[in-house]
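After this come two complexes, each holding chain A, first together with chain B and then together with chain C.
And now, the complex of A and B:
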């Protein structure tokens, strides 16, 4: 049964002749194909393995399992190993017809491809036609590129057009005939005849054809990557810059990955003072470093804003307005502008030479308590009238207001500019998504003490998976951002912890400032690790070993908060 | 027609004006003998360049109607050298007509060659020709263009529209009106009635259609 003579036949007719009710491709009827199996392989039909499963849950079909292993072996370059596995298991990665098809595509033997396509398995009419279209399109384009216009036209008229697939695409192909050859590649968005475009064609066909006929490339790697992703997301203490996860055990960081130990207590004279900036007449309530670290903005408590040059120690400019009672300011990511807001109910945008660039004012503007600009410069967030969070989109000039039930004391935004954190006097910290719809509820974190004072919190760790805050009970609180679980409470300070700041480059360090006149630097504690007999120390530092199934249990616990991804 | 016919009684239409309208139609559409007879019968004054002009335009018009675009182009160039170059739209339409006739004759090789030589430069210019070019090229994709989605390009109506366009261009070139008075009058009525309908809605007269008017 030669394939070529059957090109015109509809595939349905072919289906009746082949073995019924089978999804996996049985041997192709092509003669002359180099068979890589022995006679025993021919005799044993693939069908008999179909019901078997592997794995303790009965979820994995043995045939599929073996095939993706074979694919992995071949793609790693182990041709012999792959062939031996095919022989031993009696399960082929792909039928000889598919093998032939792939080779024909890469070699550009288009007529053979068309013939083989009708043989490689049971296909739905539309899939068959779509696949045929792709193959013939490649044939057409390659003819055109070789300036073989008559042949290309013939292909279009007699082979592509009668398929009845996508009239608009057919017309587009027709129009390529008149475009200049040098424009062809650009217009068709095609890479030109050769291995690269043929390989892309193969990948397109792979996506089109049912996976049982052509297993998608790199399937095993993909499955493993998905599993690792799940483990990583389930890892509550995950705080490492390490990208590569081990396959030997389910990944789980231990608590040691978050800083829990005071490394250094900084008080009074132990910090060497470089400059003393004097000039404010009221207590300084707010400082902000410029994004390039060369300048500092300071805000008096309901007073003026001053800009200082770090290298000279001089005050470059004082920003003043009648009735100035600035309470806070925020830099733009370009480091050339900043905004300030305060009790006079206006927000001003300034440049570094003292010029006012823009002002938001008016009867509707309430008193501003805190300001922040997202790191991409797209949004300006402010706390108004104690209870409202006003998110202003600087590009579209639209705003969104979130109303909280209790007064807000402080605000911070995440480094990726998507989230904001507010501390409320009701002893809750709320996490809001800046761009989402207002009716979504925020994530809430509780446990710390906050009643009268301004307590600041911030994001921390790699992927900003942690929320850390100060507290009036002199302790530092750390929560897991996604499930809201309180991970640790750190003591050490002897006064209200006012502010915390996580090191932006070292995920294992943060600093806290307290009313006890000290600053503490926190880092990792070194707990002795349980030694495994065959582990190298480097590969398992800080990891608990979860046996198979441990991740599943962990996921169960995380379920209520697990709907978000960053 | 909902406009009260009694209103028309107050509008006087001069017969001389009507004759001018009829004559303009005949001249525009190259009905030379009819025009001459009409002038003679009605005792109208002849306009000087009437017949000369028609003699030149008529063959061009007919060639296009027959689909003989190359002859039409030749004659047009004889009549006015720069006419086609200053009317690229018309020029393009004529060239596509030639192409279409080649496709109709199933002479694909010539059609292809012609397209590459003559139509390609248009495709490079502005986007406006691109759509039409793509449509025409699509005709090549079908073994039976008559049954393809582009079949209207093969129809006599298309040839008629190209002929009209060329005719108007030729008239314009000779500083004669490129449209007939009759056409203008009908267009006028349609637009005015449309506006009234938009502004007055149900209270105003309905939209004007020639077909309905002729039936009533």
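And now, the complex of A and C:
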């Protein structure tokens, strides 16, 4: 019983297993066992422990478990510990034949390799041939590089071609004979004779041969990482930024990872108003920050579009069309162009100087209610005729239509540009995958109230695992995106919550705007409450993402809403 | 108020007299021969931009029905009602359809 060399071995492994030689009953169940000595020992030892399992569900085979542990020990550098484990358990990581094979490959003793290959366990015909081909190919290339053309030719003729594997590859190899050795490396995409290429050959062989003969590298680490991944996905409230989960206990976030507590209530008049933008004659219904935060686009409710410069507070340009009734606009990710669409059934693309770059119009264009552009600039999504979602692929100039049954009130696109969220009048929120080629059913989220107003929703949290939306019953609803479960209903507002926006840099904060003339900032419940802020009258209709995470600049969006009374 | 979501209709439409929000299309008209307290009323298959009030049982010229008043979304005026349940067999065709009072409509 080695004392300190039992590093990393769970207590279970310390029991001595009886020697495999007198456990024969299951030997016959293994068909086609190779008869050579070492392989037989290997097969028998696998056989004898075949029925034993570890783990509380009996799902892990003991032999595989021990072999994986041995491999982990060896790869960590604990050679002695690994050897002791092999001895104690009687289960070897690799049979001596495989060991020999590995050494032969790394040393370049090709003929021994070929011989050993036939001894290693049971291989299917095709696998055997493919493996042989790889080994011989390496031999061939190495001889060519050493300018030993005759030996290479010999290999090609007598060993490679009779295999009958992949004749096109054989032709390619034949063509390498007439190359200079210097070109060979480039043409064959081969790293040259030496440890590196032999190592990569070993890895290729490992993938080819059945895993029971050659256990794939780093198997234990891979299994644990998969388990952690599953835990993280199963954790409904997971909203932390750290990627390294502890192995000591199952990962389960508690409810306090999502913002549930009002941190600030922004109301009254004392938040510093930076600028007051006036100029619209109708209520402002839509604002959009430019991707570089220096400019703001505002749209009246069926009116012109105005571009404002944040640093000076001046309106840089007014985009007008005869009968203009724009309802929404969206920036391109380069911040130089934007699109706007509205009730006049056209979508226009503008640049910052006021030039119209492109227009989509015609008899087939329907009324546009909402527009968005994905963050990579490849797709433009629009809501047409209340019920259709049209996704234009801007590069390929193709389009795809998703039809909804009930009218859509608002649209939002995820940050990675793959998903879009639509709020329907029928009190559902649908999540669609833009890039899916087939039209799968969308994920649906229910529970909130909606019917008369435009309610906006958005993605949130790390990995955008949450969907959050306002509602006409003055509450904020948070769902888990993947399983559709309603996680939380936050009360606090006293009027319809019109819009929500999750902080793009801080996954623990989001803001909501409501008809009770306030904006609330929500954060984690174990943080202390900061001081209250006041705001000005005028109900807040919606806001765009706070790229800098601050709330001060947000308030500029609200002022123009009152401009119909100015 | 938050931003109202109003559906726009195409073609020949009836709109609310107060706020001009679109209520129904001419194609959806089923019958013009209804009456209400204020005068004529039309029966429509579908209407938009209305919200439905609480259900109540009412005795009407054609018999007892369960109806719910409907209000225009933007100006909150009563524009008619919706038939939920009709108790007599001959009136069953009205179920799920909407009545809009002529008085509340434009044109």
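Rule of thumb we're sticking to: the second predicted complex is superposed on the first by the 475 of 566 C-alpha atoms of A that agree within 3 Å, B and C clash if a C-alpha of one lies under 4 Å from a C-alpha of the other, contacts with A are read in each partner's own complex, and residues count from 1 in each chain.
We adopt the following convention: a residue touches a chain if its C-beta (ideal position, glycine included) is under 8 Å from a C-beta of that chain, and two chains touch if they have at least 3 such contacts.
None of these values were measured; they are calculated from a predicted model.
**Q** On chain A, do chain B and chain C fit together or clash when superposed?
**A** Chain B and chain C fit side by side in the superposed model.
**Q** So in the superposed three-chain picture, is A:179 touching just chain B, just chain C, both, or none of them (first/second/both/neither)?
**A** After superposing on A, A:179 lies in contact with chain B but is clear of chain C.
**Q** Using the superposition on chain A described above, determine whether A:161 touches chain B (first), chain C (second), both, or neither.
**A** The first partner, chain B, only.
**Q** Contacts for A:149 in the overlay, against chain B (first) and chain C (second): which applies, first, second, both or neither?
**A** First partner only.
**Q** Does chain B (first) or chain C (second) touch A:170, or do both, or does neither?
**A** first
**Q** Touching A:94, do we find chain B (first), chain C (second), both, or neither?
**A** Neither: A:94 stays clear of chain B and chain C.
**Q** Which partner does A:498 reach: the first (chain B), the second (chain C), both, or neither?
**A** Touch status of A:498: second partner only.
**Q** Quote the smallest CA-to-CA distance from chain B to chain C in the superposed model, rounded to whole Å.
**A** Least C-alpha distance after superposition: 52 Å.
**Q** Using the superposition described at the top, list the residues of chain A that contact chain B and also contact chain C.
**A** none
**Q** Inside the complex, what are the residues of chain A that reach chain C?
**A** Counting only chain A, the residues touching chain C are 283, 285, 301, 343, 367, 386, 407, 409, 425, 451-455, 496, 498, 515, 539, 541-542.
**Q** Which of the residues in chain B come into contact with chain A in the complex?
**A** For chain B paired with chain A, touching residues are 108-109, 112, 115-116, 119-120, 123-124, 130, 133-135, 137-143, 149.
**Q** Touching chain A in the complex: which residues of chain C?
**A** Residue positions touching the partner: 1-5, 7-8, 48, 51, 73.
**Q** Touching residues of chain A toward chain B in the complex: what are they?
**A** 149-150, 153, 156-158, 160-162, 167, 170-175, 177-180
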